[in-house]
Amino acid sequence: MKLVRAIIKPFKLEDVRGALTDLGIAGMTVAEVKGYGRQKGQTEIYRGAEYAVAFVPKLQLDIVVGDDMVEKVVEAIVSNAATGKIGDGKVFVLDCHGATRIRTGEVGDAAL
Amino acid sequence: MKLLRKYTALGALSAIIFASSASAQVTAEEMEAAIAAATGDSAFVFNTFLFLSQGLIVMFMAAGFAMLEAGFVRTKNVSTILLKNISLFSIAGIMYYLVGYGIMYPGDFNGFVSWSGFLYQPDGGADLATGYSKMSDWFFQMVFVATAASVVSGTVAERIKLWHFLGFVVLLSAIIYPITGSWQWGGGWLAESNFYDFAGSTLVHSVGGWAALVGAIIIGPRLGKYTDGKVTPLPGSSMPLATLGTFILWFGWFGFNGGSQLALGSPGDANAIANIYANTFISAAAGCVAAMLVSQFMYGKVDLTLALNGVIGGLVSITAGPEYTNLLIPVLIGAIGGVLIPFSVRLLDTLKIDDVVGAIPAHLVCGIWGTLAVGIFYADFGIGTQLLGIISIGAFTVVATGIAWYVLNLFGGLRPSEEDEMAGLDKSELGIEAYPEFS
Amino acid sequence: MKLLRKYTALGALSAIIFASSASAQVTAEEMEAAIAAATGDSAFVFNTFLFLSQGLIVMFMAAGFAMLEAGFVRTKNVSTILLKNISLFSIAGIMYYLVGYGIMYPGDFNGFVSWSGFLYQPDGGADLATGYSKMSDWFFQMVFVATAASVVSGTVAERIKLWHFLGFVVLLSAIIYPITGSWQWGGGWLAESNFYDFAGSTLVHSVGGWAALVGAIIIGPRLGKYTDGKVTPLPGSSMPLATLGTFILWFGWFGFNGGSQLALGSPGDANAIANIYANTFISAAAGCVAAMLVSQFMYGKVDLTLALNGVIGGLVSITAGPEYTNLLIPVLIGAIGGVLIPFSVRLLDTLKIDDVVGAIPAHLVCGIWGTLAVGIFYADFGIGTQLLGIISIGAFTVVATGIAWYVLNLFGGLRPSEEDEMAGLDKSELGIEAYPEFS
Amino acid sequence: MKLLRKYTALGALSAIIFASSASAQVTAEEMEAAIAAATGDSAFVFNTFLFLSQGLIVMFMAAGFAMLEAGFVRTKNVSTILLKNISLFSIAGIMYYLVGYGIMYPGDFNGFVSWSGFLYQPDGGADLATGYSKMSDWFFQMVFVATAASVVSGTVAERIKLWHFLGFVVLLSAIIYPITGSWQWGGGWLAESNFYDFAGSTLVHSVGGWAALVGAIIIGPRLGKYTDGKVTPLPGSSMPLATLGTFILWFGWFGFNGGSQLALGSPGDANAIANIYANTFISAAAGCVAAMLVSQFMYGKVDLTLALNGVIGGLVSITAGPEYTNLLIPVLIGAIGGVLIPFSVRLLDTLKIDDVVGAIPAHLVCGIWGTLAVGIFYADFGIGTQLLGIISIGAFTVVATGIAWYVLNLFGGLRPSEEDEMAGLDKSELGIEAYPEFS
Amino acid sequence: MKLVRAIIKPFKLEDVRGALTDLGIAGMTVAEVKGYGRQKGQTEIYRGAEYAVAFVPKLQLDIVVGDDMVEKVVEAIVSNAATGKIGDGKVFVLDCHGATRIRTGEVGDAAL
Amino acid sequence: MKLVRAIIKPFKLEDVRGALTDLGIAGMTVAEVKGYGRQKGQTEIYRGAEYAVAFVPKLQLDIVVGDDMVEKVVEAIVSNAATGKIGDGKVFVLDCHGATRIRTGEVGDAAL
């Protein structure tokens, strides 16, 4: 089981979610985060003082999937979140040792 | 401010009447003249104070529009809409002073366009013959033009460049609004035709609404609003701000309608304003309740945004003739206005015309309805003439604002790049976000 | 709005007095009559304008209640409380027009209930004999009833269904409030007993407070507020909104108390209103400071929410008699009101009565205190009669609103399901959240 | 509020004039006296109502300051600034009643300090000879002192202890502001020198601005504002609140300037107020547009916060003399005020003086400019005397507030610990956060 | 050492925290997230247009614990966060290779 | 590849980011979280009722780095986020099995 983490541009959420649903992925958890990377925030101005905003709003999707799905999921995210412009984000894959569904107590793939 | 100001009473002027010996007997004529002078002074003060106090209340509507629109746009465009609102008000006022007032009130005329000069400047002193201070009248007229401009900003929000929008405000307040205004309030051809629009359902609200409609069509909907034949709601940033804005507009409307009586200096005028206040209140209340009920029946839930629009719809509907003495009539007029709101919101969505705050339903549709209602409920005015006014002003405004939008578009385009729109105008146009703390 | 309006001065009517030859000499009697006519006209305008300008300021209190309550409820119930506030105001006004006013002002009577008919409609014209426009009086009375209803909405927030609450507003504004109102302001039995309540510490605020108390007991506390004998604070969504609301209420209160002088048309009246303004200001200021000091001593920190309630407490306390010429008295009355706030907040928590915004301490407790204070500080009124008024109105309101809540409960229950309450009424009742952007 | 109030018209008093036989003929003298009595009554009402209605509008500025400052401070200090604003207003009003008014209006004097006693209390009745209700005048004067105190709170926000700040408000409103106020409005030495400051560019705004400047220097900048010779912007919590606050202040300013005419009871006064309204509006509008343009040229983007400050700058600039009949002059004065804003904001940053809301540019710099402008644009007043007023009041205020801050600092320090400042005053001083729901 | 991640209904936070404290767990980190899964958001309505809200507010708890505690922690969460209704959430377990307490520089279990 | 997670006091963000940039770290993702631990929130008061706020605002930094960088990154965080007072936070290290740059499809260290 793996935890696939995708950091994407906020307005790409619907596309990515659609693609994942098509793969049969039924769940994910999304957080609003601030990203720091090659894409720089625009220069802002406040009371006559300019400043570079280092952080750009992103959405972080955490999706736990069975090992067999990892590749497809990553691929679906990459192809649906890409705009080709700097700041499109990353997909990371982490090991996940177990999952439990709180409602039923089911564990393993059945919990997803 | 000075200490111990001398006590100058009303009727100081009346003293001069008695040039002759103080102990002479007075005739009825002399006496009438003396009393008339005193009451004239008093009426002058009342009328002037009406313009000022009601004008100020109307001015506060600018805050209402700002809050309403800030609540209905998405967070990434909130700072921009705030700036648009405070600057459009500033610019409209200045342009009306520089140019607009001279077009709108050209003096005696009954045609289509006339002109009494730039930079309005009445005599400095109190001209008793007029019955009110001319500058107070200017102040009251000026706050109206800003209202028309505010209507536009809400509809085309989130997808128009700041300076282009302000350019439109310049044209609207300096030229377009004053021309149609002069047809009726300036004593032009429409006034001659026995058209009636007490406080501007057509002259102010519909003009703003037509301008907004043309703008919305030319600029097009926001990215992502209408995709694959589906309407995607793009919910606004803050219902508390939208509600606050609505309350402020409701409050300000009493200045709008009440002040349009233009005189307070006699019991008849005071009584008329009392009727206007009651009409204005109850029409808005009926609009609110009607919009809620329709929403409940249509969707099984009450849509707060439609209830808020219902209030505005009720207000606009009664603005053309808020003088009924039987309050059932304004209840009815407002309720119909409230019912029109959800249906015209839906109609616009069907036509893929994107109106961010619902200004077209509230100001244009209800403005038309209110103007027609005058023809229905008042014996003195006919539906025909009312229609004539609606159509002629609508046609002119559509053409004139169409040209205005077109010309402005030549300067680099009205609309920001897709990327800028996506990022939000607060970033691309202003560089300051609405809640800029951690960004 | 018309261009070049004819100049109609005050005293136009006075002209008719001199039917006889203009050159005849005038007698003192004739002259007095002529001047009286002119000054009568002027007083009519002043009085009417007082009702309208102050009534409008009171109307704006609706925005204050909306913001205060929106700030004090949790985010998941904010849209609902906004909708309740704007619709309760609409509904209360309409019901008062349809039914309430006829009960509250039935004409000559000195009993318990009487009735002058549905659908209030005065003569259209200016009735000079009354001294003010009747419709302006209606407008002013109408805005008061909405205040009483607003008090209720804050206390029972976050756990009552929308339409049930609005049903309660209908009953309160159409029947319950007008009945007790008629006892005193309508010229009923209480007025006969020399009870005194200038602007409604008891008639408006306590009535709202009693209704809220009964509602809070019947509906019960919010889930999770009182668990295991512990009070769990459920902090509100926004202190800026709560503070804004308080400022707006403070502002509106000057209309409330000032307008209740009911006349502006003589130096005596104007001067009385000046005293009322000073009283109203300084009592609120004292209430604020007193609540802050108590909070500092009790908790070692100042509780902003108690300071805000302290302002309201000071205002309600002075409302029964804001006519002192020695400002130390309103300072004292307001300060005691401010001190009562933290203690009655705590008392309610001990009794497990959940009052979301602190309306019961501010409107009921301080309403009682203010009404008693009249008996203490004014020579003309006795504590006994003041108590009589407090108790009789309290008893009636408790019984009547108890029945009202009970009856409404029969229609599917006042309270949403636990799950709906947990999810928040914005989701379960409205389907629109306060900040709906990313949801 | 009473039912069926007796109809007391203006001029009730005039009846007593005719003690003699009602059928006697009237002389011109008698008649003039009778009319003068009636118009005197009427003027009394007008003047009193002006004080009350405009004073109330000024009072609402407290809400404007609260919102503006809440929008410009960071979230962790929002509750504190809200509490400061509502309590400073309460405290300033009470102190002005207890002490301040007696110093500011000591009766006849033309020196530096005098004193007419504690606890202001005019006669209860209407004193017709004065021409207005004395209590209404007190009310109007009282709301001004709160404005001066509000200016200070914004500048020193986010880094001063609550009670120390309120201690400063006590000293400012009880002693410091009244002393300089007495020099001019109290009839002191400056008034004798032909200095002119219509509504307080210097007496109110600059006094607040100087106090703020001295405070900002003594307390020092916020942690992290100026580090390594770099300015680090510390963006505020909410642009909607800041904009709302600005609109409310703009609204309130009409009370400020309009009411400072001090009389409405004659056509001349009414006309003067009309000019004042037009001046006040258009100067603010010009300030807004000018600040926007400067910002666009300096940074290539429009800074909303500077546009908001520009409005205030335009308002403060015109406050010293808003009586022009040619509106081009206030346009110019306001525009220069608007231009001064961005430059003085930058100057303060260069000097490492941390002014959280920009009160020093808007109130002090523009206050000075506006006072000088009177010397430039009015024939009757000279730049020399205007400078004398600016400098003498500035010098006194700097010294007096310097001492005040110094003394207060002895009581455990004005400034919270670094850790408390870092955590935010809402946690360390109040224990209640601005949005306390999930914390 | 493991990172236990629990996604729960917001109003269950206090119960879960209480149970964990009883187990001697002294620390955790909580984020407000939006969950997508079987539990659907209610239909919302905005300006007359209805739309299904796909995301439901959840709290995400990250708790790093020693290997021996994992089972007890998961169990405590499951039993205290369950309501039996759809949307109760999940518990995931991820490997954690090390922990450092910033204040003291302590590492390993001592850092928790 | 590792995911380094740091939970720090909010006002330390700039210092930490500066130090990481000096190490050549070009990207990270930041979330606003609430921390529960030894550091207790101050007692708050609301409508006359006092309550202890259990949670303290923190920032959570997730930084994916090559294995060779882990030690340096942890060290830089620890030394730049420390104030020596309770509540300075933690640094956790988790395994990361892969990274993909959405824009280009690059994988592995090249994606960071």
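In order of appearance the chains are A, B, C, D, E and F, and numbering begins at 1 in each one.
Here, contacts are C-beta pairs under 8 Å (C-beta built on N, C-alpha and C of every residue); 3 or more make two chains touch, one makes a residue touch a chain.
Computed from a prediction, not measured in an experiment: that's the story for all the values here.
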Reaching subunit C from subunit A through chains that touch each other, fewest steps: 2
Chains in simultaneous contact with subunit B and subunit F: A, C, D, E
D-F or A-D - the one linked by more C-beta pairs in contact: A-D
Residue-number overlap at the subunit A/subunit E interface, same or different (half cut): different
Between subunit B and subunit E, centroid-to-centroid distance (C-alpha), Å: 53
Centroid distance [mean C-alpha coordinates] between subunit E and subunit C, Å: 47
Chain centre separation in whole Å, for subunit D relative to subunit C (CA means): 30
Residue list for subunit B, restricted to those that touch at least two other chains: 25-26, 31, 35, 38, 42, 53, 235-236, 238, 244, 299, 301, 303, 305, 430-433, 436, 438-439
Shared-contact residues (touching 2 or more other chains) in subunit E: 31-32, 34, 44-46, 50, 55, 94-95
Pairs of chains in contact (touch as defined earlier), listed by label: A-B, A-D, A-E, A-F, B-C, B-D, B-E, C-D, C-E, C-F, D-F, E-F
Residue ranges of subunit F touching subunit D (in the complex, touch as defined): 11, 34, 41-46, 50, 53, 55, 57
For the subunit D and subunit A complex, residues of the former touching the latter: 231-233, 235-236, 295, 298-299, 301, 303, 305-306, 342, 345-346, 349, 358
Residues on subunit C engaged by subunit E in the complex (per definition of touch): 224, 422-423, 427-428, 430-433, 436, 438-439
Subunit F residues touching subunit C - in the complex, by the definition given at the top: 44-51
Complex interface listing, subunit E residues touching subunit A: 2, 6-8, 31-38, 54-55, 58, 60, 74, 77-78, 81-95
